[in-house]
Amino acid sequence: MKALDVQALSKNFGGLRAIRDISLEIEEGERRAIIGPNGAGKTTLFHLISGFLFPSSGHLSLFGREVTTLQAHRRAALGMARTFQVTNLFQKLTLFDNILLGVQAIKWARFCFFRRVMSFREIMHETERLLKEWSLWEKKDVLLKNLSYGEQRQIEVIMALATKPRLLLLDEPTAGLSPAETASVTSIIKGLPREITTILIEHDMDVAFEIAERITVLHFGSILAEGSLEQIKGNPKVTEIYLG
Amino acid sequence: MAFWIIQILNGLSFSMLLFLVAAGFTLIFGLMKIINIAHGSFYLLSAYIGLTVLRATENFLLATIASSIAVVLVGIAMQSLFLRRFYMKELQQVLLTFGFVLIIADLCLWIWGGNPMALPKPSLFRGSIWIGSVVFPSYRLFVILVGVIIAVGLWIFQEKTKFGAIVRAGVDDEEMLRGSGINIQMVFVGVFGLGALLAGIGGMIGGPFVGVFPGVDISMLLLALVVVIIGGVGSLRGAFVGSLFVGLTDNFGKALFPELSLFTLFAPMAIILAIRPTGIFGKIEE
Amino acid sequence: MKVAEIFKGPFLLPSFFAVLTILFPFLFSNYYVGLVIQIFIMAIFAMSLDILVGHTGLPSMGHAAYYGVAGYATGFLCLAGVKNFWLVVVLGMGLGGLTAAFFGLLAIRARGPYFMLITLALSQVLWGIAFKWRSVTKGDDGLPGIGRPEIGMGIDLKPDLYFYYFTFAIFLIVLVALFILLNSPFGYTLRGIRESESRMKALGYNVWLYKYVGFIFAGIFAGISGALWVYYSGFVNPSNFGVDLSVKALLMLILGGSGSLFGPSIGAGIIVLLENLVSGFTERWSLVLGIVYVTVIMLFSEGIFSVFKRGRN
Amino acid sequence: MIMSMFLFSLAFGNRGIAEAAEPIKIGYLAPYVGVFAKFGSDLRDGFKLYLEEIGNKVAGRQIIFIDEDTEGKPEVGLVKTKKLVEKDHVQILAGIISSGVAYAVRDYVIASKVPLVITNAGATKLTQEQRSPFIFRTSFANCQQDLAGGWYAYAKMGARKVIMMGSDYAAGHEKAAGFKKTFKFMGGEVVEETYPPLGTNDFAPYLAKVANYVGKVDRTWAFFAGSDAIRFVNQYQEYGLKEKLKLFCEEGVTDEANLPSQKEAALGVESYARYCIGHDSSENKRFVREYRKKYNYDPGSLSEGGYVGAKFIVKALEAVKGKIENQEAFLKALRSVKFEAPRGPVRFDEHQNVIFNTFIQRVEKKDGKYNNIVVDMIPDVDQYWMPKK
């Protein structure tokens, strides 16, 4: 069954045609990277897939279900999670509360208003487990704004995983990280369970090749090339647009 | 027949006054995104200062100049010394303006007392003129004239001058304006001063028929709010159309079915709020 | 946390004040007892607003709308002979919530300054109706002669002393209710929305729905304070919808520190005391208040305790 | 919760005031802001004039006069009344201009058992269905002189059809009802009634409608108070209606307090009033002379209302030798006070509302000054007065 099926998708901002007639199919469990120079339309494509933007034309279906005009939170409820290129977390809340909101997002308990969160055992334990697994437990009471940029990038990924997604969209997860931090985030992503389909936007070619099995190259809003690592490495057009 | 002409002229004169007050209010909100609760206080202060100068010199023009200068200085001081510190923090700025309402209102009460007063009309427009079989005060025609002149002036300022273009850009996308290297704080001071000036002129124009009394600041603020919501937030065209609508509805409401008159003001506002929260010409801010 | 823990640790200071407020009426004249009743009622009103401002990041400038609706409901019911407090206050809360449900549909679409403008405008629509619909609301003269209610158990609320303890009890109930509401999953979600709506949407939360339900809760709790005020003063008129009331509630949050449990109550205490005691000393009390408000915002824009908090972390 | 600490230190132990010949505290409520501001200060000046005449002392006890501003708003009036009773512990309350404020404070005054002597607010029900032994009125009920006016318009002025314009608050509607009752009783017809809101600045829309009735009705009845009255009379002349459709209004419209701002616009306007400055009794001449000497402006009906209110209270205090604490005796004494006031003989009816003669007056200009002169007088008018057909 296809995790994501994109049919002739395009998006115009007034005169600017940001996404031109893109079709894309990603199998369940696959690890796809979308690469391309700045302004190729990578993040816009992500917004269209995740429902933050609605397409001018074309269709989009998630695990076989038509979602073209479905609101962002409804798509997330179908098992899609995403991270943001610019860190987008709850700065004035503690690390524990941040992850808790992720864990709670898929539980019915989230609507409860007459019992304190602490009384929901499974939410508290799940949050604790996640934090311990990522060895961040001792920083659980620190306000997020007091954590380093590197840690915050890591938490973006943890937050997405907290909702137990079937499809994970990662928007430049290693942007602005030191080589050591990049290595640790890359190994975390590689270590994800196989059944989670992962789509990765990456500016850095090496990271893309490290994680993904297939690559799609985007250029001025349309697909320049698509294929396995070897096909893309050997493709002259790809090297041309990168080396320019 | 004369009844309708009189009513339309009455309505128009009130509309022009509303336009002066609403135009400043909507400019300040459009660009700086704050609800200036102290906007009515400019009307109050200007009318009182104008009254004092008029009593001393009997010269309406001189009084208008004096009160306008005073009010603009107060406006600029309020923006550059206080509101500026809370740039991008709308809630704190709005609450600050509420503090100024209390200060200005009580100072005026202290200096000019609590007795409602009316400014004497300019000597040229004291009489009344005949329209058909009915008499109509000439001062109200003067008010309509001043309103139209200022409306045209503002239109030219906004469409033709450089500062006008900057203000329009700011209203549309303030972040972009900041990005383009223009000193945004100077633009804010300019707009706040202009808003104060307009409300100040409104105070002088409204002085003779609406009068000046403790509480007129809040009632003027509410009227400006109704005009801006109906006409469209942040747009001068909206303020003009809104003030025409409100001025005429209020006037005909009072004349034809008086017991509902205030309600005829708020009902259209409620309807427009339900359909299009930022008014006819306003921009939807999702 | 079991109940016992509540009165240990962080709750030591507030429980000391609780005991003090119980002894209070025996130490002060009826006038100050009346003042503290006003503080309790205003604290409930400010706490209800804080659901929106402090926890959801929605700066409502028309919160007096629900306070006034519940006030008029109390007035009409009482004049129609309904004496039972619980029935009236539940109806007041219901009407407050209903008004918020209707206004929420209009206001929640907008954001930040536009949200402030629309909520302000909506509350003034109700002011206009109350002021103008003379045949029903008696306009500016309002509805006088609203007696104190009966709460069963044979307690007569006419003397301010009993009404004092009754209002204090309602204040505590609201405090605990809000403590639970704001620490429930729903409360956490509201704070998540305050911090970043887009992140919450990406996690799968229906952000509009939570804001809407939060808006209704704020209306319901505001209804309690609206009803209590009318029972305390025995009078309601269009000023119960006043702009000054909505703005004063915002000031209480800024002063006491929004987003905290006791912030709104502290802010309410300071402002009610300021208004009544300052007017006792000088005829220019409104000028003094204006200056105090401006100075407070300039110095403690995150609330009076932000100065200490800044030091701590 | 810091307010408990704050209060604890502030007000501990303010009980137990020294015994000696305790002063008598009178709490006074009047508006010094807004539409009724001028009326408020007139009412206080008249009240204080009498207190000064008796040296602020009754039976050896000092009188302390504590003054609070109601801003003419019912909710503010209630808060200030509570402050006077609970904080200042006043023994008598007096004043109140607006009927709205009077209704708002009624229940609290009765509950706290402090006698209230209303020196202006004509709220009718307070001395009728909602009367109480604690509430007295020395000014007028909101239909009292209007009943006489309605009869006079029909019987003496020959008016058959009128239009009516009143201020849209308690007093406006109650006074209109009084005038309508006797005018219709005599056979007159009220063609139209309009009630512009209190504090209307711009009467233009209403006056344009009045212009339609020129030649179709005999009189325009009007009741507005304070600054509304000033604007109404001025704009009535501005729209050229003064000559074409004569006004016949309640005294508040062309009261002495308003004449300096109305001047020419009020000349010749007739009204019915409980007090007229032109009344030539020795007591009135003395009062007018003293008032002008102390405040150098002309006393209007509000000034006289304040003066008479103070005299009623002091006369009752003298009757009980200053023992205000014996409330039963004080109230009984107050009920039976009778004396010759500037407006003429005054006494209370059994519902504790004052009885007086009603004047018909007209504004005349004499050596540059505008004043009301007496045209006619209807004796002994009380709040239930009806003409004999």
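Letters A, B, C and D name the chains as they come in the text, with residue numbers starting at 1 for each one.
The rule we apply is simple: contacts are C-beta pairs under 8 Å (C-beta built on N, C-alpha and C of every residue); 3 or more make two chains touch, one makes a residue touch a chain.
Everything numeric here is computed off the predicted structure, so don't read it as measured data.
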item	value
Each chain counted as touching subunit C and subunit D at once	B
Maximum centroid distance from subunit A, chain identifier (CA atoms)	D
Which of A-C and B-C has more C-beta pairs touching across its chains	B-C
Computed distance of Cα centres, subunit D from subunit A, in Å	77
Distance between the centres, which are taken as Cα means, of subunit C and subunit A, whole angstrom	42
Distance between chain centroids, defined by C-alpha means - subunit B, subunit C (Å)	32
Distance from the mean Cα position of subunit B to that of subunit A, given in whole angstrom	50
Two or more partner chains touched - positions in subunit D	168, 197
Numbers and ranges of subunit C residues touching at least 2 other chains	131-132, 134
Junction residues of subunit A - those touching two or more other chains	none
Inter-chain touch pairs (all)	A-C, B-C, B-D, C-D
Of subunit A, residues touching subunit C in the complex	50-52, 71-73, 76-77, 81-82, 84, 88-93, 97, 100-102, 104-107, 109-118, 120, 123, 143, 146, 159, 163
Interface residues, subunit C side, partner subunit A - complex	1, 180-181, 183-189, 191-192, 194-196, 198-207, 213, 217, 313
Residue ranges of subunit D in contact with subunit C within the complex	1-8, 10-12, 14-15, 73-75, 78-79, 82-83, 86-87, 99-100, 103-104, 106-108, 111, 168-170, 197-198
List of subunit B residues in touch with subunit C within their complex	29, 33-35, 37, 82, 85-86, 89-92, 94-96, 98-107, 109-110, 218, 221-222, 225-226, 228-229, 233, 259-263, 265-267, 269-270, 273-274, 277-278, 285-286
Of subunit C, residues touching subunit B in the complex	53, 59, 61, 106-107, 109-114, 116-118, 120-122, 124-125, 127-129, 131-135, 243-244, 247, 250-251, 254, 284, 286-287, 289-291, 293-294, 297-298, 301
